[in-house]
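Two complexes are shown next, each including chain A; its partner changes from chain B in the first to chain C in the second.
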Partner chain A sequence: MTETTAAAELREPPHPGEAARRPLRLGRVGDFLLRSILPLVLAVVTGAIVLAAIGVDPIDYYKDIYSGGIELSAWQDSVMRMAPLLLMAVGLIVVFRAGIWNLGMDGQFLLAGAVVAGLGPWIEPHVPNALNLVLMFLVAGAVGAAWTIPPALLKARYGLNEIITTLMMTFIGIDLAQILVKGPFQDPTTATPQTRSFDFTALLPSIPGTRIHGGILVALASAVVVWFLMSRTSFGLRLQVLGASARSARHMGLDVPRLIVVSFLVSGMFVGFAAAAEILGIWGYQRADWNPAFGLWVVPLVFLARLNALVVIPYVFLLSVVSIGGDYAAQNAGLTPRFTLLLVGLTLLFMALTEWVAGRAELGGSYLPRTSFRRRRRSEGSS
Partner chain B sequence: MTAFLAASIFSEPALTALVAGAILAGAPLMFASLGELVSQRAGVLNIGLEGMMLIGAYAGFVAAYHGGNQWFGFGAGALAGAGVSLIMVFFCVRLGLDQIVVGIAITLTCEGAAALIFDAEFAESRPTLGATDRLAVPGLSEIPVVGGKGQSNGSIFTQPLVVYLGLGLAVLVAWMLRRTHMGLNVRAAGDAPAALDAAGVSVFATRSWAVLFAGAMAGIGGAFLSIVSAGLFQDTLVGGRGFIAIVLAMLARGRPLWAVLGSMLFGISLSIADWAQVANLHFGLPSSTFTDVVFMLPFVLVLVVLFVFGRRAYLPAALALPYERGSR
Partner chain C sequence: MTSRSPTTADAAGGAKPAVELIEITKAFPGVLANDRISLTVRRGEVHCLLGENGAGKSTLMNILSGMIRPDAGEIRLDGRAVEINSPKHAIELGIGMVYQHASLVPQLTVLENLMLGEAEGIRLNAGAARDRLQDLEGSIGLDVDPGATTGTLALGQQQQLEIIKALWRGSKVLILDEPTSMLTPQGVAELEQIIVRLKSQGLGVIFITHKLHEAVSMGDRVSILSQGRLVGVIEPAELRSTTHEVLQERIIALMFPSQARQAAEVAELTDEVEWHLPKRTLGGEPALEVESVSVKPGPGEIGVRDVSLDVWKGEIMGIAGVDGNGQRELAEAIAGQRPIAAGDIRLFGHSLVRLKVAQREKLGLRYVTDDRLQEGTVGSLSVAMNIVLKQIGKPPYWHRGRIRYSAILGKARELIARFEIRTPGPETRVGALSGGNVQKVVLARELSFDPKVVVYSKPTYGLDVRTTRSVRQTIREQAQQGVTSVVISTDLDELLDLCDRIAVLSRGRIVGVVENGPTAQQHVGELMVGGKAA
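== the complex of A and B ==
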């Protein structure tokens, strides 16, 4: 063996096949296009096919979504719709970072809304408006957070699956909200099951020059705070460790039960804020049968934004446009406004698919939760 | 007055209505939770149940409406539900994608699609179906209260045949899970998929069949809602029952008969509300509020039970985990 071949052998990669298995790199732009834009495009195209299949011109329909959600002053409605959606998305990001599913957002939302709409008009004459608004946001946040306590404790203490418990809490919350609205908070001057209304002047003030209420500012501020919390503080890092592996978190000496409870509380608080923004910004009262069911809508956005509270903002705006403009387009085409749900669901489905493709191409760094169920390994490590 | 009230609450028609209402409300949950339970035992958490029920309700309604026979409806419901669950088979079992993400996607997509297709087809007519034939069990249907012969909604022994078939199926599934090889395979797919694979049985096939079964059962449950319970289709028909069925299946801890029991318990609580309305008994609450209270009581009860017996909660070890051969 000559010296040159020995040197060549040294320079040889340790595994000869590695060059062939080198992962494909798309770069940041390609990666963004594949993972964050392609699912949307595929969903829109599939939606168009569905529309065409039932005899509606998809181009007209999408044009109507644009004109109903953006043109003239419609964009202001879309921005107003953003406020609750963004706050809920931000709340979801906190728990998803910790690898926890909070599927009980609708219950938290309606209950917080009922308490705000019930207590607010009663307190309103006795305190200055600004104080009342702040108070209402705090109350809503507290109610939303309180509603996550049972699932949080059950998960922290017994490791009980939070999907069952948050779903059960959402059923209880929706019913309790109805009981509150029809019972103690019922407006005595009407037979309709609804709470008393806020005085028009006591609602969230508009941003000067627009009809947009101030809730969007609360939402944007919350997004910035959560982004900072998640990416620049040790709390965010701890949540991320917990989300990546509960075992590692325990090995690091983190107080896992406490982290679970805190992330649940913070998430519920933001959902409560969302309810306050919607009640204090748009409605001024709550009807017993009102349930916008925003909870599941924001799930795909949060993943598309890779659990980043700032990146999620444009996605939430897009969803708001589709939701506001979709109502208009559906009305024009004589269809049900629930077509929006189809688009959101398809986006989620295609997102899962592109993630799989990306995983196959070894792009790495998937943002989807590995799983919310901890793999129970035996000590032998055989399975 | 009091004597009259007491007489009306405990009168035979009122009690019969209570039992009949419980079965009517519980049967769709029974089908759906039975399917979900099998799927969970095989290790697949099917969050898309709500959407599968809705599509099943739509397909069942359309088939029963055009075919003029409820059995077309149930068959079409089962096929449609199983068809939707093919998405779950492909994405979650075959590709191993996150089951919860895909499940939510299926629910949202189906809600949109069912509303859209129904709207496009029946926007003007909004048709309804006639009453479903009921099977009076000879002899037993003569018994007061539980017999229900001649009552509009029947009672335990006067129900549509599909209810009895469902109960029989629950017993069959319980037996199969416990006593047969097939049941052992299903349980192994959920508890130790690697062991099942090592034993030479395909985890993919076992889980796929379980998911298809869950879809078909959810479809039948949905078809029951549109054909028997309501006699019409609305996009709000399922109204969260799919999620309730998921919870019931998880709480049944893998035992089919407990899922049936839970569904019926839930059915009773729904029917107590109607019953109280008939009997004008609200314990001082407005009647609609009383309904809400009764509706949430089972879940409050379950949460209390979980807090007290929390440690005994059981779920299959490999639930919601995709199986990949050779991975550790």
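== the complex of A and C ==
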């Protein structure tokens, strides 16, 4: 060593000033583009490559999606498809915010649908239509909520993993719905196993000037209510604390088991509403083999929207267009309508990949909202 | 087996550099953690690294031990430039990190822990390993039973085992990260002797500490980091020729250049605290009574057995003990976060046993948890929200379930000022604050809604000297206003500085209660070591 040892040598920092802290963030816009838009773009591009590989012109395919999902009056079908999807998304937002994975949506959905389609036509002649519709929504909500009770109690009491219990309950729910439709609720006058039909006049009325049934209004109202609940009320904050850390929640004196059960019930209720909207708005009856499996479509959207019930609306619209237009495009291209699911799956895959590439220690972590409890955007830099 | 032995006595007076860090730079989002830091660790030398929390010590050591990669800069080992790709690679290169805990498998024996991660062959050669352990122990003067189950060893011994483990893997440079923070005074003395022997065998030792007196008494060379930069180095010659008092003043001036006045105030923390008895008269009714309380241990815990304590109104009762002796279990039992198996807990005569956390809170009981990041705060929520997190749903912050931002922000601004929380604003996420400021947020919440009895768990753990001082001052002020405090701490100095009485917790039991005074330190130390010799 060549240094003098006479005295301590004070090494001044190599450069002066206050430059020690240097923001390296992407910024809000960049962050949004990276996490909420890029996965969609990549999914579309990869979908195009897959299409090209199996000999389908991707440009034509995507054009068909547009014309089948938007053009002429197709947009009305897309908007109608939004109703169940948005209601489900809203229900998922409630539980996901609480850090709970209710993945039993499809069971809750079909069971609620079966009960509505089974009871509705039977009650219909005896009560006014409006009352019957309200009643049916309530019944559907109650059935959807009830089907979450076993997983909710098992988690609240014994800490059982709800991913497993809700998935198991969904299988039971799907089968039970079939049993109901083929059994007590079956319409004896038809050959195919299905419930009796509502009278046309007893279904959800359309928005004047369109074919769109009123379910979308229920869905939009629910989105607003949930957004308000999650961002402006003590209940929403409690759920968010629970979602952030169950240990924190316990420390803060929150009744964790109760919160778990309540968030499950609320989520199941909205899934039940989704079924009511679909049955009362579109079908008027339920077939035993009917299972649109909306639940899994919605999961990626909810995270792309960062669990915000208002932000999820345009995503749900996009998915609805892809879902309605996709049927048409697939038909034209000679593919199964299920090809649309590939796009949804790819979106989920690319969300995970973006997370991984962006170096998140905890995958999916950045899709959780940063702060939903702030009054307004303001610069964080000023003190 | 001997080929990789570190005992190649090349102790040529510590002239040769073992590790050279040159212009190391590492940025994380929003912060430049290391800004062109250069550091040389020589053989046979203890290089102390001083700095506040967030100064960049941990980042620098994580770079050296292969946990993270630097953005720029060079690392040289024995003069050769190397790139450290992984922790495994760092170990192969002879860099040994001695962790505080969690790197040993508690269920395995000492020998098994050492043989773990041996890459040579499938069959384990226990005999040879035993011989080698004896050699190593002899060379640094340790005696750990190779057959003992690791989990049953005292923490001091576990730490010694960590050091042995590092040597076992052929370390030439040892990194000790705040090694004294969990030791008894006797344990610290033992560690000092071990370090002297390690030095004499030509190892380079990096000793990270918060405590200035440790740095000047143990170090051959002291480097001071501040805000990601190296702000000063004190060379061996000066260390030897200057008195400790002068050195400490110099170091403080380096750490807090702009706040020379405050520096004088923190000076009191730099010495080993003698003892400091608050001048109060206590008596009357006990505010908090813990009567024969037992708590069932969770996995990896000791639990609490038959603990009784009476704390007077306005008293500061300390609970000393090495970490993991039932502190958390006791604190959580008092707070209501876990059930008790037997006994009774009373607050001003009312039994708490059947009450939930929120109900105990209502009676004026507060618990300042030591896990301030995972439990005490919600990082994704704002400072303001965290401050009212135990008031959810209550007026004036909520009105019929609706949030009232103006009331919350107003309260937050008031408390930010009162507790001197350094934050860009009340709406900044708590996760973006430094550890010291997070702790202030926790204290602001716990102490501002009419507390009566406060249980503090390691209130200054991991905080820098200034924050430590302000937190202790807050605890004192609270006590003066008649708030009863229970301070659980592994830092004996802290308890001697604050408390009226100190109870010693060992293996889940209270083994004695000592009045604070001139002989308290020795007394408590003996109780901590002696355990059942109450």
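Remarks
Simple rule for what comes next: the second predicted complex is superposed on the first by the 335 of 383 C-alpha atoms of A that agree within 3 Å, B and C clash if a C-alpha of one lies under 4 Å from a C-alpha of the other, contacts with A are read in each partner's own complex, and residues count from 1 in each chain.
By our rule, a contact is a pair of C-beta atoms (placed from the backbone, for glycine too) under 8 Å apart; a residue touches a chain by one contact, two chains touch by 3 or more.
Bear in mind that the values here come from a model prediction, so they are computed numbers and not experimental data.
In the superposed model, A:244 lies in contact with chain C only, and not with chain B.
Touch criterion met: A:255 reaches chain C, while chain B stays clear of it.
With both structures placed on the common chain, the touch criterion links A:234 to chain C but leaves chain B unconnected. Once the two complexes are overlaid on the shared chain, A:154 sits against chain B while remaining clear of chain C. Ranked by how many residues of chain A each touches, chain B and chain C are led by B. Look at A:340: by the touch rule set out above, it reaches chain B but stays clear of chain C. Look at A:352: by the touch rule set out above, it reaches chain B but stays clear of chain C.
Common to the chain B and chain C interfaces on chain A are residues 368-369, 371, 373, 375, 381-383. Against chain C, in their complex, chain A makes its touches with residues 1, 3, 5-11, 13-14, 19-25, 232-235, 237-238, 240-241, 244-245, 247-248, 250-255, 368-371, 373-375, 378, 380-383. Those residues of chain B lying in contact with chain A across their complex are 45, 47, 51, 87, 91, 95-98, 100-102, 104-113, 115-117, 119-120, 123, 192, 194-195, 235, 240, 243-244, 246-247, 250-251, 285-286, 288-289, 292-293, 295-296, 299-300, 302-303, 306-307, 310-311, 313, 315, 317, 319-321, 328.
Across the complex, chain A meets chain B through its residues 50, 54-56, 101, 150, 153-154, 157-158, 160-161, 163-165, 167-169, 171-172, 175-176, 178-179, 182-183, 193, 288, 296-297, 299-300, 303, 334-336, 338-346, 348-349, 351-353, 355-356, 368-369, 371-373, 375-376, 381-383.
Residues 15, 17, 27-32, 35-36, 40, 42, 227-238, 250, 254, 335, 337, 356-358, 361, 367, 369, 371, 374-382, 385, 389-390, 392-393, 398, 401-403, 405, 409, 423-425, 427-429 of chain C are the ones touching chain A in the complex.
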